[in-house]
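Worksheet for the structure shown next.
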Amino acid sequence: MKPLVSIIMGSTSDFPVMKGAAEILNTFEIPFEINALSAHRTPGEVEAFSKSAYDNGIRVIIAGAGMAAHLAGVIASMTTLPVIGVPIKASLDGLDALLAMVQMPPGIPVATVAIDGSRNAGILAVQILAAGDPGLQQKLVSFKTELKEKIVKANQELSTAKYKYRVK
Amino acid sequence: MKPLVSIIMGSTSDFPVMKGAAEILNTFEIPFEINALSAHRTPGEVEAFSKSAYDNGIRVIIAGAGMAAHLAGVIASMTTLPVIGVPIKASLDGLDALLAMVQMPPGIPVATVAIDGSRNAGILAVQILAAGDPGLQQKLVSFKTELKEKIVKANQELSTAKYKYRVK
Amino acid sequence: MKPLVSIIMGSTSDFPVMKGAAEILNTFEIPFEINALSAHRTPGEVEAFSKSAYDNGIRVIIAGAGMAAHLAGVIASMTTLPVIGVPIKASLDGLDALLAMVQMPPGIPVATVAIDGSRNAGILAVQILAAGDPGLQQKLVSFKTELKEKIVKANQELSTAKYKYRVK
Amino acid sequence: MKPLVSIIMGSTSDFPVMKGAAEILNTFEIPFEINALSAHRTPGEVEAFSKSAYDNGIRVIIAGAGMAAHLAGVIASMTTLPVIGVPIKASLDGLDALLAMVQMPPGIPVATVAIDGSRNAGILAVQILAAGDPGLQQKLVSFKTELKEKIVKANQELSTAKYKYRVK
Amino acid sequence: MKPLVSIIMGSTSDFPVMKGAAEILNTFEIPFEINALSAHRTPGEVEAFSKSAYDNGIRVIIAGAGMAAHLAGVIASMTTLPVIGVPIKASLDGLDALLAMVQMPPGIPVATVAIDGSRNAGILAVQILAAGDPGLQQKLVSFKTELKEKIVKANQELSTAKYKYRVK
Amino acid sequence: MKPLVSIIMGSTSDFPVMKGAAEILNTFEIPFEINALSAHRTPGEVEAFSKSAYDNGIRVIIAGAGMAAHLAGVIASMTTLPVIGVPIKASLDGLDALLAMVQMPPGIPVATVAIDGSRNAGILAVQILAAGDPGLQQKLVSFKTELKEKIVKANQELSTAKYKYRVK
Amino acid sequence: MKPLVSIIMGSTSDFPVMKGAAEILNTFEIPFEINALSAHRTPGEVEAFSKSAYDNGIRVIIAGAGMAAHLAGVIASMTTLPVIGVPIKASLDGLDALLAMVQMPPGIPVATVAIDGSRNAGILAVQILAAGDPGLQQKLVSFKTELKEKIVKANQELSTAKYKYRVK
Amino acid sequence: MKPLVSIIMGSTSDFPVMKGAAEILNTFEIPFEINALSAHRTPGEVEAFSKSAYDNGIRVIIAGAGMAAHLAGVIASMTTLPVIGVPIKASLDGLDALLAMVQMPPGIPVATVAIDGSRNAGILAVQILAAGDPGLQQKLVSFKTELKEKIVKANQELSTAKYKYRVK
């Protein structure tokens, strides 16, 4: 089994956030790998990873980093694979990481999701892989249905909030 | 020829920004369509489009909008295709559109690029389609080489800036 | 008894904030309903609700959501009723939700109140209903008087703060 | 004919923005008045206006102001009518006016629309008045249909943008 | 003894912040009064206070408020006395209160100090009163000297931080 | 005639903004001086000025500067006179200058007015001087009345805006 | 042993942040001194320090301060030594301190590092000193290698996160 | 003559901003080189440059870039030389570039100057080189004196602004 998705984070301290992506990929039964590589502290490793990812079978890269979050952009500059960026909240409420990821100059996009939005990064990776995989498409349709059912169910819990003038 | 990518914008006044995506797709010879649909003014059309896009052969959607930019998120809620969002600068330097696009709640990602970054949206769409298309991969590699050559060439123009203590 | 006001929230986890609106409506003896509906996870339900609200007797809608808060705008695009938006603080101190609600494009307004300002959303709903209801007007006048009395009373508690040079 | 809506602006220099509200009210054939009153420079006039507005037949107030925009809040503190606030861009891209309007403390709501969003303020006023007026409801439905038709028509203009790989 | 300075706060919950001003005035032996008055909930009381303050002997007003902090500006519009504004952190890290206080339009200044900066508001009030009072001037000079001595003394505590390469 | 107010600006390029303060002081017939002194480029001159200002008869200092605007704070650290700060818009819409002026640490207040708000700085200086000068008080009262009359007059110009449904 | 680097902080309460710089200098065996001096409360001491630093053998100054952080700029205005600024988070998430440090006007640079980034300030000081010191260069090379090894090692801890579809 | 300082910019379009650094270095007669290299489009060239800079005699690197400005940080990750970052205003008033440069994670500092502050970057480079070069120190002292003289002279121009109550 070779990984299709590679999850990279700037520091192992980002794992509590980034595990959201791993859980989604696991749920969708997509083989993946997880590693901590820093754009600033291990630039050589980042380069080696980025340049060989396509040939190693990777089809989507998810990169999470905080502060002046260069990791996703640096990887994107050295691969033709789609790179999904997760800005991690470490300072300034995550605004610095968001801007440092999303505001990429023309030529090198990073597909940025919400601050600490690693679950969405995982789902986006699945959506990208599903473009050419009808089975995965079907799983996404089911996943969306479950999201809906969850909120419908949760809504029922709201019925415990009683007010004299509430109408049900 | 059926379109693989659909470019949607919230208003025809967004076309001067969004044509960047069209030009990229044209360059990569990827069939695409362009339409103006508003999440707020034509919600029915947005729904009809979103729900049928996959069956109509679309594989990636690019959505651009300004201000409280809901278009990309609304489309994403009604399709399993990857949706790329382009925040358009119409007020507050585009910060409102950026946040209204990228900060999607868990379950429904939007792959957001830079403010007014429609060229990058086009490139990201190509990268997504190229995951399963070696020919397109090769074109992306060439595209990256050209980006590099352009800056190397532009660098030569800098040589016209003469200073007594500049060393070349 | 049919509800005149409908309180919608993007997730049941928003209830601790949104109950402020319910309490106000209860105080003013205005029949209301509360539901959790997500613009992104249950778009069909949101549409069904929005399109039938007026015919079902609803006269004002209060919608609360966080992050890229599209709920209020999406509802507003499918009804002619006034929609009051409550931006909920879930990230970036609520600034993302505020901008994603208030910065609506021309044609589809959302009457936005303060971040987490659900009590004010309730009061605004009452003020809208009171336009044609002298009895409700009178209750609003009394409510304002009570607000004043509370702060006058609270002011008396300040008298316990003693300083040598404080004059009373 | 007595006015149902009162448009107040902090300075006559705000008229180029605020006329958007006047145009909407005119289109919907709703009698209105326009005046410039400053919360800071004519507090007495603001008080006199606010306290008598309901008895004078006004049912909705629209207030526009820039910078530390207190006008809407000050009026709201002295009336039980719904007050719609239009933050006007005069400095800091309008962010100061937006926050000074929307972040009202509990008890005194201001129904805030987008920065420079006076057209939406007008539409919101109509929506509020329409709650008890089926004829006005019908006009709003027609207005929404026109908004949709405009964008559908504008979409046709996009067809002039020709690209080799564009599919229509 | 009649008060020379009046400390006003928008709500008694602001007292833990605003007492900083009271302590400074007490230290400088300047008679003062403290009251909670809300621009929005007790506009009549604010007006009565503002219009009579000069005649009652007040020479400086200190007003603290949070969120859309109108209190200082509203008072300033109804008096010719200098009004010092203290933006109180209640939401958005206090940025809303700061902008709603400091960005006053031409004609009606508010002398704004830092977010939660009530001690500085007290000192500024003393500086204003000292313009015509050599005795108070002298106390200010002593106060500045003490500030300096405190930091010089605190500096000595730093000497307990020992590092091999620290030089003293 | 000795100056009572000293206007200091960080650079002569700030004069187009700062002349607003000069005009106000001239209108109120208050003797003043204007100088350009830079906290960063002429620290010695700033020190000499600040330390002698009180003895030279100055009673209020107005300091304007842009970017990392330290001028007002540096002067305030070396005098016991009230220092009014005018943040000048030179970058980041003036937000940097505003924060660098208003967020002074405990002990050294700067009375900050709006970005580019030099007219208000002048008025505030007059209000401070008027605390002990009934004649100046009277002039301020007249000034406020004129402000009011101007807006009342400007309001009449609004009457030229004609709409079928406008009521006058 | 005379100090080569001087660490200055605006208040002793900044020590928990600023000790990061001390630790780095200690690690690199560079003699340094630490003092608390306030631009606002001890301007004379700041001046005396700044003007004599070069002659006392200091080659780099590190200055940390919060809020309207003038310390680094004020020192930089009175020395020709490079001054490294550490914005300290005390309010507004440190954004005020960052802008008040980094946005220096032309002529007087402050080499600003991240909010609370005192370790980086220490490393930058070492890098500056190492320009002419091959031995120190070598230590920096080793330091970078250790940074890399740490993250490589930490990466191994990630291997404990087990998922069925994780590939290693 | 070998260059001591290397000026790198992300794009030749940054030259109008970055030439400020070149002019300063020329004035101080410090040999330098200028090149355009993009962290994202020519990562290989950036790496080659960064890794050989020290051995090629470079002692300080100045890097300017806009948007998600990674250039300075990427270079800093591959050299032990001090790297000065100039955030260039290309979007969001330069705030994105500022945060993407200055908020570097622990281990890899970038000495950041003001947005578009290339002149200060040049001066900082001179200050760093001057640490071990008394002749350069002397030039810096003269440079500071000239800065002062310029503002003193400019101040004289202010004397042309005549007001009846201006005192000179």
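A, B, C, D, E, F, G and H are the chain letters, set down in written order, and residue numbers restart from 1 in every chain.
Keep in mind that, in the parts below, contacts are C-beta pairs under 8 Å (C-beta built on N, C-alpha and C of every residue); 3 or more make two chains touch, one makes a residue touch a chain.
Keep in mind that what you see is a predicted model, and the values were worked out from it rather than measured.
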item	value
Chain pair with the higher count of C-beta pairs in contact (C-E, D-E)	D-E
Relative to chain D, chain with the most remote C-alpha centre	G
Chain A and chain B, separation of their C-alpha mean positions in angstrom	18
Separation of chain D from chain F, taking each centre as the mean of its C-alpha atoms, in whole Å	33
Cα-centroid distance, chain A relative to chain F, in whole angstrom	51
For chain D paired with chain H, centre-to-centre distance based on mean C-alpha positions, whole Å	47
Where chain D touches two or more other chains, by residue	11, 38, 41, 67-68, 91-93, 95, 102-105, 107-108, 110, 114-115, 144, 147
Interchain contacts (touch definition) - all pairs	A-B, A-C, A-G, A-H, B-C, B-D, B-H, C-D, C-E, D-E, D-F, E-F, E-G, F-G, F-H, G-H
Contacting residues of chain F [partner chain E, same complex]	54, 59-60, 80-82, 84, 98, 102-115, 117, 119-121, 123-124, 127-132, 137, 140-141, 144, 147
In the complex, chain F residues that touch chain H	1-3, 11-12, 15, 19, 22-23, 25-26, 29-38, 41-42, 45, 67-68, 91-93
Partner chain E, residues of chain C touching it in the complex	89, 93-95, 114-116, 144, 147-148, 150-152, 154-155, 157-158, 161, 163-168
Interfacial residue positions of chain E with respect to chain D in the complex	10-11, 38-41, 43, 47, 66-68, 70, 73-74, 76-78, 91-92, 95-96, 99-105, 107-108, 110
